[in-house]
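Below: a set of structures, written as structure tokens.
Here come two complexes built around chain A, the first alongside chain B, the second alongside chain C.
The block that comes next holds the complex of A and B.
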């Protein structure tokens, strides 16, 4: 099958299928992860997926930018300090404890990234069930929506820890150059159409350069987003452009990810999947017991959501992005199972 | 049945709420309540984002409309208030401006004209 044809097919599937997945009244059982399986089906066809690999980087850069664009300092100052302390405690606990347990299960360096990924909570699922606007509800939703900020920073610290010279030096240069270049170019244009075109060009340029130099497109995109949202005159419009079609673009990402990463399972190592799932379920339960997200049903906070896959993908690509990587398949399937448990039980307890 | 009317005015341009309230006071109506409300279409088309939850919460646009509710002495007073509001706020026949109407009140306690 031709790679261009596959990409067009992914676009059509994502843009038509998204209306069936994200219905207002109820979520599907995997809340969008169904598209990953479309990718897996295509992976097992006679097709060379490596030609599409460069397409994943712009999606990671876009995702990082989307998260970063929400971090306006003037907004962050308005939030209560208790939110930050809860966020830091929550993130630290949900990263440190599972890291050790994943390591014991048999994962090596990937344990840290898997723990960072499993730290995420699916905002779409939680906000679907916590609909009132009371103070405590808003606090909980703010906490969940802010977890990706902490996750990306944790990921950057992990990269720096594993390869200090490379990741402090090159990543820092990339962040500074990309941020200044993006702001300078975006400030120079006068109309909205030029902003859209320039933004697409910048995402492609930054992400593909990151791919060439083996720098995290997610991390660089995140910091470019922060810089733009705090300094650029087009900040509100840039956010609207980047936010527009987020569901459809994420579905395309999932199809491409399934297609390129593929699926590989071995009988003995596959036993690690339930161990990962149980670890995450236990840690989440432990955290709820300690009153971080008290007052709501436990299952609302089980689904890790799409951002978990984004974190895993960034590390997988940094490790070469080899199709059929065993740990990546196991980690991805664990996330999918957690998503299924979260969505399914949230639906049942809310009835 | 008493002659009092329940006056309801829902405005979409919430930044003009002060103007509307001044118009009501100008007509001699000194008692009114303000309620935050949301339009049905807005509610139905609202989407929960995947990754932009933080921004959605910060900007929290809900509820976006304001409802002014007041009891008025008679239909003439309602007409007068409506005219003054429209003069200040703008023509309610235009789309995305708001709606105002009145209802008959059968019984009432706690208010004297």
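The block that comes next holds the complex of A and C.
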């Protein structure tokens, strides 16, 4: 089996599977994470998939852009201050406390990224159960959808902390150049087909350049998205294009991730994975209990969602993206288990 | 306003090239060979599309801009897109060819073809008699009486000229379809050009197989066997059969699933290419038959066209810019008198043959006047043919390959421009990409 055939297979699986995963009545147990296991199955087949690895960068850039495009300053100004206060306090607590605990479990520098990843909440699962239109419900859902913004900024701060010269200097240059270039290109065209084509080209160009310089494609994509949504005449259409087929493309990403990252477990993992899961469950319980959980079941907020894997992948790729990295396998499986617990118990408590 | 926009596009291309040239030296990363083609692809997509927009601003087809951008960025000029990038992106080329063949089959509507059947057959036959035969005779005479080529053996010159005759007759379905799609051309001229191009494409496959057998027989002094002819017929029938099957599978998809039409057509192109390679059949013919079946033997033709219209732009931009980047102009220096002579003679022969065929079949005046403009470009199929020749007869095949690549380079630039002019004059353009 050659790598291009695998990619096409991933596309077919994602586009057909998505209808079964996201049925309106109820989500499947892993809410899409099943595709990661398809990737794992392919990983254990005998073929060289390394040519597909560069495809992970455009996916990260696309996801960063998707989040950045939602940050329109004119809309953000209208939001209540309480939302920002809750968001910042929630993010800080869900990052700082687990970081320490993960460090104690035995992870080194990765504990920060794992904590940032575990800070996100699966919007799709929560929105599936919180269906009323009350003000508090809308506040909670909005807050959950805003967590990725805070997570990316936390990730950038972490990168700056670990390698200040590279991540302040090079990343800043990248963000400025990519943003200005993207806007200049997109404003020079007059039809929608050209916008789509230029977006494809830009995502490929920016993300692969990030790969060459070891800069985070997710962070750069995020800031390019912010710049475009606040300055470009095509902002609404760009968002529609980037958002189009979001689920399907994410499923392709999961298959490729499983295939590229692979799975490696050791005896130690048997203890570390449950410890990570229990840490996240406990920390989240206390934080939610004292913050904004009132009125909703705790399990609605347990599943971390796909964005957690995106954060992990970005760091894993920055570290060289070596297949079968132990910490990455453990972190990924912990997130999958948390997703399973979240979806399963949400379903049970809602019945 | 338009001047300002064109300047802005030019400035963007220049900045993009400078940035890309600045990034390239830093690619000492361990993933260099993996990342490089995708990076180049992103750059090529943007630069070639902007090139296409500039070409449209000067009333030229977008594909001319894509090709010129490819030539400029490719190894022949700026070398921003390297030869290894081009070969890594080969798969996209194959996918694009399948896509173009499905599109070509899908654009052939039986109802319209019936109306012009006489003209299509008459022009095809006159091309065979005039373009193919005259090219062989004329160039055999020229090459045996002058020193334009570095070949002296008359048998080899004859073999060389037989293949040149095929090249002279070959058309480019890809360029034809790209221009027709861009201007959404509709009418008798469009139907006729499409019909002749597709028919000639199939005939070229047969002619090439026979020519190969004949040339091998005159060089090795062994007669052509009957088994060879039977094998050839079997091979073509198998390709048509595979196309029928593939077409019916596509119909089933459109009928019972009917979603993600854009993605489906791209995946179908990819699968058909892999399938054909696996079974050793003519994938262009197979895809053309499949597209033709969906369009004419089901009610799903509009769905297929919808998918094609949504996805053709990126495919054409990549295909034609890669085609431009892979053109090697260094050969032109060695053979330019012979190449220019061949291009001019071919143009005159195509004009005469088309006019004669159209006149004898009593075609409408627009066809009589302008249809020759649609038969000048040659590309993909011609290139595949010379690659096979070079592999089979390496000593003189390499000269033929260098010669034909130079011919393609000129025809690819001139052909689409003339075709667009012909469409414009015949009044069959229904959409002007750069006009509101």
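Descriptive notes on the structure:
Here is the rule we use: the second predicted complex is superposed on the first by the 351 of 351 C-alpha atoms of A that agree within 3 Å, B and C clash if a C-alpha of one lies under 4 Å from a C-alpha of the other, contacts with A are read in each partner's own complex, and residues count from 1 in each chain.
The criterion applied here is as follows: a contact is a pair of C-beta atoms (placed from the backbone, for glycine too) under 8 Å apart; a residue touches a chain by one contact, two chains touch by 3 or more.
Remember, it's a predicted structure, so these values are computed and weren't measured experimentally.
Once chain A of one complex is fitted onto chain A of the other, the partner contacts of A:336 are absent, as it touches neither chain B nor chain C.
In the superposition on chain A, contact of A:195 is made with neither chain B nor chain C. Shared-chain residue A:154: touches no atom of chain B or chain C.
Interface of chain C with chain A (complex): residues 5, 8-9, 12, 15-16, 19-20, 23, 26-27, 29, 31, 34-35, 38-39, 41-46, 49-50, 53, 91, 260, 263, 267, 270-271, 274, 313-314, 317, 433.
Interface residues of chain A, counted against chain B in their complex, comprise 22, 24, 32, 63, 66-67, 69-72, 75, 78, 123-124, 127-128, 133, 138, 141-142, 144-146, 148-149, 239, 243, 246-247, 250, 305-307.
Chain B meets chain A in the complex at residues 44, 46-58, 60, 62. Taken in their complex, chain A has these residues touching chain C: 4-5, 8, 11-12, 15, 50-51, 53-55, 57-58, 177, 181, 184-185, 187-191, 193-194, 196-198, 200-209, 211-214.
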